[in-house]
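So, here's a batch of structures to check.
Two complexes, one shared chain (chain A), two partners (chain B, chain C).
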Partner chain A sequence: MRKLILPVSIIAVILALVLLAPILPLADVRAMDIPHRFAGPSLQHWLGQDEFGRDVLTRLIFGARASLSIAIGSALAAALIGATLGLLGGYFRGLVELVTVRAAEVVLCLPPLLLALLVVTILGAGFWPLILALTLLYTPNYARVVYAATLQVRGLDYVTAQRALGTHPLTIVLRTLLPNVLPPLVVQISLVIASAIVIESGLSFLGLGVVPPTPSWGLMIRSARGAMEQAPMLLVWPSLALAGTILTFNLLCDRLQSVLDPRTVPVGGAIWLRRRGATSPRPSSREARVPRAAGPAGAGAVTDRAATDRSGETKPADLLAIEGLTVALDRPGGVGSGMELVRGVSLALRPGETLALVGESGSGKTLTSLAVTGLLPDVLAVTAGTAAYVRRDGTALDLLAEDEDGHRRLRGDEISMVFQDASAALNPVHRIGDQLAEGILAHRAIGRAEAANEAVALLKRVGIPDPERRARAYPHELSGGQRQRAMIAIAVANRPKLLLADEPTTALDPTIQAQILALIADLKRDNPDMGVVFVTHNLAVVAEIADRVAVMYAGELVEEGPVAEVFARPRHPYTAALIGSVPEGGAERLVAIPGTVPAPGQMPPGCRFAPRCDHAEAICRESEPAEFVPAPGRRTRCLRYEEVT
Partner chain B sequence: MLRYIAYRSLLAVFLVWIVVTLVFLMLHLVPGDPAELLLSQGSTAADPQAVANLRERLGLDDPLWLQYAHHIGGLLTGDLGTSFRDGASVTGQIVQRLPRTLEVIVAAALIAAALGVPAGTLAAVRSGGWIDTLISFLSSVALSTPVFVVGSVVILVFAQELRLVPAGGYVPFAVDPARHLLLLMLPAGTVALALWAVIARMTRASVLDVLERDYVRTARAKGLSRVKILRRHVVRNAMIPVLTVLGLEMGTLIGGTVLVEFVFNWPGLSGYLVSAVDARDYPEVVGIVMVISILFVFLNLVVDIVSAVLDPRISLTR
Partner chain C sequence: MTETPLVEADRLSRNFPMRSGLFGRSRDVFAVREVSLTVARGEAVGVVGESGCGKSTLGRMVLGLEAPSAGTIRFEGRDLSGVSGAERRALSRRMQMVFQDPFGSLDPRRSVGAQIADGLRVHHIVPKAGIETEVARLIDVVGLQKSAAKRRPHEFSGGQRQRIAVARALATRPDFIVADEPVSALDVSIQAQVVNLLADLRRDLGLAMLFIAHDLHVVRHLSTRAVVMYLGRIVEEGPSDKVFGAPAHPYTRALMAATPSITARKVDEGHVLAGEMPSPADPPSGCAFRTRCPIASPECAAAVPDLSPFEPGWNVRCIKAGPAHPTGAQP
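On to the complex of A and B.
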């Protein structure tokens, strides 16, 4: 509401000046003083005198009278008629809609200024023809806005209820619908006033609007043009008054919109698009962490520790080792800044391994995979942790310390992603083949034609029939399953070492899901060293494709281990509950764990699962459990795992 | 796609018919005698003899359906009647002046798009920064200043004070191309200012919207360069609503260059319209209004088709 103070108070001052003009100590608006024509500012005439020696300030204020009364008068008249048409049309629909809203829209077939000129031709210039012309002009705008708002409200339960109770339709329209359509109506009124002032002053400027000697800003500018050489300021004053008034009404409209419709919250843009430096997730901490992960020794330190967790098993070096990843809300000064959505997640993935990341919505599994690729939304940032990764050329680096450019070199090449909703993740205006080829061209120095051929071959590889023709198709011309196959083709185009698949089968029906899983398994046989992180909430999928499974709850990793072992003997009550909630025969949704995941910022002290846990005791609610190693290669975050699992 | 174009064209023809009928009815459904209405000046009653003559010339004594048939027939054969003032062919005048108006509009649209799209994109990419605030402020001012004010101030500053340009006028391109373009820049630049603001704002909103889309994340996941993402996936997609708005604005301008043509003494169609309205020359006004309205509808058709080409999904919705 505070935002409205500025425009409303300026408008109040203008209106007060206009209304009080006759009793203000101003010079006579029509009194001529030919000897002093074009005189400059003086004590009696603050803004000087015009070509007839009349007082400019007085004429400016009286000019506002004409402009504002025509603009506000026609804006209100049009609002009354338009709102009536819109309400009736929106409430009754059918034939009524045709003769109200649709009929009014016919006016929109004519360019606005033209319509006004047509009315002036027929009725002549003057005050009332202008009001009529502008009312006619703006009625359809109101009708449309109110009609749209009415449609939104009329389907709501309380309107239906009133109808069922037999309330008279007119009562419903006036008592229930009208208050609901008022906000957009008010915004529209302020917009129309501004635009009506423009048209009124324009017509007056042409000599087709307000008739002299009635003062009007348009007329003042018109006559000042003739005297530009003698008195240029005569042009400047009415111009400023006109532009300033319109600006104020436009400002009012903008502010009203943002007050009445809070959905138009400004978006942050895209930090990743800005230059280097600003794109690094944690520029300040970068130097501190780079040395650790820069050389093979640094990466080794991370993997050593991960290895000791699994009690020193000998195995090939990890492809990816995430250590203590924490993701928090990063809106300096904003609500909830610093709130942690992912906390202290450690994970390791060996070449050729498939790791399933499981959890309910909001458990942080998707954020974990986005953090590794540097694709976190702008409002989130990595605040702690490392992700040691060994590149194709053998160099080790910390993915969490890379800036946008560092990530860009890896993304789509060594590390690639498959997203959940392929229909949204593919650009609707580019052909499938082009979207594939550009990913190839971004990382390899080959020709366009070669890339296009490779794109077709890839589409064939992922099992899309008639790939030559499909490569020229747009995403909307493919089926859902084919779109996801194309998405996967984009991801594997450059034979990645690491594939992060974020719920790639969730949006698909079960038959297609099975085909996509088979495809991913098949692609792994092509590229046996490719590590896969498969984010899902579907335990049936986990059993089918993963070697290891990591279970996340409320932003923390609660259990990790080989799939068969975890399924056979979960070592965390949450995992046990998850497995228990899958009906026999493999359903697709997680159901029936009592309670809900706590919201970030409202995390319980102690174990985060304690409020929903059947086995929770006092100690669970007091101390945060660390990660325990119940067996080689397994981890759990439960204090009482020895007793309860 | 062809079916879509055919459908939209049919719709456009229908709209043109509505407009033509509307203009016809507007004059005939006004209470009172149109001839008397046209001849009366304020409170002075019209000369009965003149009214009778005018009724004769306008064919107002014919039954309404016959007048309507004449109206449509004349339009189909390209005959819009002759002027009251000088008896010249209205069609001839329009053919001569329309290209000049279109020239101003196209030049203004080009200038506005060339400056507005980068400005809007920059404002979106740096949203919340000083450059965004600056562009937002400039566009508010540009949108709030009526075109005749901008034009008058341009003349005051650039022609009167700085003496950089002439204060307006027109020279045919064939006679002096350089001077023609210089004179064109005055009205075109003036119209372009408000249009720039519209395009910059629309582009900013549209780019911000597109930046949030999943396919932009996909483009990043492919490892494309910033420039490529911005050009191929952000601006390319963001342009679809911007072009629609630009097309609609250009349509409004066909009848809306009245003021700028008047200010710069540019002998286009709109100036002709003003003098016709001023003289209440009925055949001229009706002829011009109909030509402009038909162009308006036609331009909207072009906008629809261009949008469908840019966004292949659109042609499926109908």
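On to the complex of A and C.
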């Protein structure tokens, strides 16, 4: 609501001036004073006098009466008629559409000024004919805008829900559709008021609008034009009034639109402050991280420690070892800056291993994988932690300390990603084969033709039928499953060491999901050293493909271990509840975890799961649980892990 | 079985004319083809199938939100095609819908309470003065805080929104609810909350339900009878425990094999169904599933198999209907 103060107060001042004009101590609007024609500003005449010696300020204020009432009156009348036509036409379609929207569109065939001239010629110049002309002129615009918005809204589920409720169609139009098409309507009103003021002035200027001596801004401009050389300011005043009023109306409608939208999130600070906040701290926070990852040797030490930490057995060095990763909102001065979305996550992945990262929305599983690839959104930053990674050439580095250039060298080459929504991840205007070849050329010095051949071979490898033809297809020409295959082909094009797959099968049908899971398993056989991090919320998928599973809750890792062991005997109540909530095995009632995941700003003290946990005790709510090792190779963040069944 | 079923769909079809090219012959594309189905009082029927199999269109037709191209729907024995206008709207009190997307099914601009009250007002379920208490009761039934009524939908999480949608559907005290993928957009633990809520409502209020989903586990958990659809046709229908316990149609078997299970079972690539569902605009001749069927043989292309009784109350549309064939033992 605060946003409305400025435009509303300006408009209130304008309207007050206009309405109170007769009782304000102004000069007589028609009183001529020929000896003082074109006199400059003086104490009696603040803005000077016009060609008949009349007071310019008075005429400006009285002129606003005509200009504004014509503009606002016709804009509102046209809005009412146009919106009605558009709503009815858009909701009922068919014949109704023909007699409403389509009929109104006939008006659009006539040049606007010509139409206005026609009406004014037939009915004579004056106030009411002008309103009629402008209303007629603008109605089809409204009808079209509202019609288009209605078409969008009418297919939405909440409108269907109203139909299913048995609500009367007209009630649906008024109560459900109208509020939801208001935003474009409001914008349109602002545009039309502005343009109606201009057209009114134009018509008056041509001598077809308001009849002199009644003042209007258009008439004032018209008469001032003749005397431009003697008194240029006479032209400036009405033009300024015109421009200022139009801008104010635009501002009001902009602000109204954002106020009307219930989904707007209040954001702190002006936009230029926020922008700076998002970009400037990056170098400083990287400096802060440098000491922790002091070159290859330092990172190597981290790897060794991580390996010995988890168990004593000898095994190949970790491909990726994340230690204490923390991701926080980074918006200095903004609301909630420093809020931690991921806290202290440590994970290790060995070559050839598939690690599933499981959790519900908001658990931080996706952020964890994005942090590793340097793809965190601008408002987030890694504030602590290391991610030791050993490159193909044997050099070790800390992925969290890499800058964008470093990440770009790795991404798509050694480290690649598969996303949930392949249709959004593939570029719709490039052919599949070209996108694949581009990924290959970015990291390997081979010829275009060779890359194109390799692209076809890759498409064939991921099981796309008729790969030669498909390579020339655009993403929208493929089915959902094939698009996902194509994206996987791009991801494995350079034989990555590390594949991060973020919900790659969530949007797919069961049989297609099974095909994609089989494909990933198959590709791992091709490239047995490839480590896979599989982010998912589906426990059953985890059971099918992963070797180890890491369960995340509210930004923390709560349990980790081999899939079979964790699923057979979970050691964290959250894992146990998740498993119990899967509708398998014929239990009468599913285990539903009461409540919801706490919002990042409202994390409970102590164990973050305690408020929803049926094992929680007083101590759980007071202090954060440490990490326990219930069995070799397993970790849990629960004090009472022994009681969990 | 002498009692009239609550809802009865008889040979429902829905087609869309489609023209290939500007002057091409217009051809009918069937989204749903000759689907017959009954739902008795208090019964939960689950419809499963992959996207594009026509299950959502079926649900919308049963509720009268979309007109069938052919076939009839009877509610308590009354043919709905003959009922229109005010009478039709009055009937809709008794059948309600819960949508898949809890973010799209609630009007973002109106308070939750007002949206739940819509049904009460439209059908005059309670006197005007009692609306507020009734809304509070409904909000309580679905397990939300009383303060929810005054808030807008965007302040709630997905699971909570889905509960609001259920409360809105319950407001008119329906006998029959169509739930179109009510849990697929929700997180696992929240999914369980909504599944439990639907199960409780059925038990406590004796609601009949048509439950549309692609997740076999959820359908199996919630429904007494299951209907499996493929390319617009029912391929198998029968008691849930039988259809999912020992599926007789190869497609149901493939669907079962493709659905991941939490009980340790590594992906067996041999059982993964190859290919994708053919386009409804160009269905294969004969049995629509034969192009992907592991046990298909030339006679499958001859004609569309009938939906024939396999056991009493259990129908299968396959000439080779029967328990699982061991793989490799194809004739």
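One rule holds for everything that comes next: the second predicted complex is superposed on the first by the 411 of 645 C-alpha atoms of A that agree within 3 Å, B and C clash if a C-alpha of one lies under 4 Å from a C-alpha of the other, contacts with A are read in each partner's own complex, and residues count from 1 in each chain.
The criterion applied here is as follows: contacts are C-beta pairs under 8 Å (C-beta built on N, C-alpha and C of every residue); 3 or more make two chains touch, one makes a residue touch a chain.
Predicted, not measured: the structure shown is a model, and the values here were computed from it.
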Partner chain in contact with A:106 - chain B first, chain C second, else both or neither: first
Contacts of A:635 with chain B and chain C, given as first, second, both or neither: neither
First (chain B), second (chain C), both or neither touched by A:442: first
Contacts of A:201 with chain B and chain C, given as first, second, both or neither: first
Touched partner set for A:582, first chain B, second chain C, both or neither: second
Partner chain in contact with A:59 - chain B first, chain C second, else both or neither: neither
Footprint overlap on chain A, comparing chain B with chain C: none
Interface residues, chain B side, partner chain A - complex: 15, 18-19, 22-23, 26-27, 30, 34, 37-38, 40-42, 124-128, 140-141, 143-149, 152-153, 155-156, 160-161, 208-209, 211-226, 228-230, 232-233, 236-237, 240, 251-256, 258-259, 262-263, 273-274, 276-278, 280, 282, 285, 289, 292-293, 296-297, 310-313, 316
Footprint of chain A on chain C - complex, ascending: 50-51, 60, 63, 65, 88-93, 95-97, 99-101, 104-110, 115, 118-119, 122-123, 152, 154, 157-160, 165, 168, 172, 187-193, 195-196, 199, 214-218, 220-222, 254-255, 257-267, 269, 272-274, 276-277
For the chain A and chain C complex, residues of the former touching the latter: 156-158, 160-168, 171, 175-176, 179-180, 262-263, 360-361, 479, 481-482, 509-515, 517-518, 521-522, 537-541, 543-545, 563-564, 567-568, 577-586, 589-593, 596
Interface residues, chain A side, partner chain B - complex: 106, 109-114, 117-118, 120-124, 194, 198, 201-202, 205-208, 218, 221, 224-225, 228-229, 232, 235-236, 239, 242-244, 246-247, 250-251, 266-270, 272-274, 373, 375, 404, 408-413, 416-417, 419, 421, 424-430, 438-439, 442-443, 474, 476-477, 487, 490-491
